[in-house]
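We call the chains A, B, C and D, going by the order they appear; numbering starts again at 1 in every chain.
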Amino acid sequence: MPPVSQTIRVTVLFFGRLKDVAGHAEDSAEFSDAATIEQLFALYAARYPELAKYRSSVVASRNQEFAAWDTPLRSGDEVAFLPPVSGG
Amino acid sequence: MPPVSQTIRVTVLFFGRLKDVAGHAEDSAEFSDAATIEQLFALYAARYPELAKYRSSVVASRNQEFAAWDTPLRSGDEVAFLPPVSGG
Amino acid sequence: MVTLPHDDIYQLVREPIDMAAQIRLVRGPEDGAIVTFDGFVRNQSHNRATLYLDYEAYESMALAKMREIGLQIHEKYSIHRVAIVHRLGRLEIGETSVFIAVSAPHRAAAFDACRFAIDTLKRTVPIWKKECFEDGAVWADGELPPVPAATPRAKPAS
Amino acid sequence: MVTLPHDDIYQLVREPIDMAAQIRLVRGPEDGAIVTFDGFVRNQSHNRATLYLDYEAYESMALAKMREIGLQIHEKYSIHRVAIVHRLGRLEIGETSVFIAVSAPHRAAAFDACRFAIDTLKRTVPIWKKECFEDGAVWADGELPPVPAATPRAKPAS
């Protein structure tokens, strides 16, 4: 049997001021091995250093549900990084 | 000097079920001497015996303000007998 | 002592209440929140089917008490404007009998004031409803307003 | 588990919200009370004159969270229907950004549910507003939604 591909492809969304910092609202990311939401954020923080400053005031969602930072990613997931909400 | 007249004339209003029991909404009453709201009610309770049954579930007002039963009447007062309120 | 804003609204009416108009009237540019209470005629009372209601009021006193509620909520809460409108006469199922709108810069005050207003109205404003059923009409159970137990002036110190 | 009534309303819109229409839609003959919350654009923020606001949302998740609030208030309170409508895009001073209407047989449940709904919306629904002033625009301060601290699935027992 051929080795099972480990490639994980996720959609990544940025909102509010995080969208301004990242410069775009939507991206897609690929991992060749298991990864968590935390690792996904670190990937973008490395690309956009200012993003790292917001880490403590960001929450993440996975498939439209708030998710812990150690949540493992699955291929096809939609992950969003959300600044403090201010609707209403 | 002539004796000062003691006559006290008040307007009396009945609302809700008290109006039904008294058979009218408005009346006027006269006292030849000092009287209280309690005495005014007693006057009508004597005239309409069913009214007496409501004494514990009636509040009185004098000139559009809730008033204690021992409030003395003054000529020209508007006194109302009010059953439990049910607005809203 | 707070003076009542001239643009507060206290009304007894015999026509349907235009709620959108009241909301517009209490709305100010410095506000951020309006809480409203819309009380209307239920289709039953104590499991009997209601046909309609008939409201009556001691009108002059009812308006005075409604204004007093406005004064109280201006004193107790940081609100901007209030509208309290009660309808009288015959009301059909679903028709609004009382409408209260309170505007405020922040929502907590608007919620607290609106709730205080309707709770106090139901205890203290001299308005009565007669519930009309297929087999007759009865005056609704109500609440006895709190009244001073005795008048100090009636007992002068001897 | 309560199933959501099909006639509850959860909407994100880009046009002015017709509040009177929402009130009509939540009104049922077995109800007696509707409490509404109308949140609209104040003319200032932190003592700076606001020109207008610009709202954006993570729309699919915002709608899911609004529905979740509806489910919660149906579970917690004896209410009939709820409408939660949030507007997005550019809003001028005085325009309604969020409108919530809750109908119930009795007023206490309607007040409690409406207040819970707006309080929860402000903490958990992914919507953001940018405040536009004469000298620039800033994202408004907001609240960080509560999020699970760690995922149990990520730590399988070894």
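Just so it is clear, a contact is a pair of C-beta atoms (placed from the backbone, for glycine too) under 8 Å apart; a residue touches a chain by one contact, two chains touch by 3 or more.
Since the structure is predicted, the reported quantities are computational estimates derived from the model, not experimental observations.
Listed by label, the chains touching subunit A and subunit D alike form an empty list. Chain centres here are Cα means. That of subunit B falls 25 Å from that of subunit C. Taking the mean of the C-alpha atoms as each chain's centre, subunit B and subunit D sit 52 Å apart. In whole angstrom, the spacing between the mean C-alpha positions of subunit A and subunit B is 76. For subunit D, the set of residues that touch two or more other chains comprises 39, 118. Per the contact rule defined earlier, chains pair up in contact as A-D, B-C, C-D. Partner subunit D is touched in their complex by these residues of subunit A: 13, 15-17, 20, 36, 57, 59-61, 64-72, 80, 82-88.
In the complex of the two chains, the subunit D residues touching subunit A come out as 39, 55-58, 60-62, 64, 86, 97-98, 118, 121-130, 139-151, 153-155.
Of all residues in subunit C, only 19-20, 23, 27, 29-44, 93-94, 105, 107, 110-111, 114-115, 118 touch subunit D in the complex they form.
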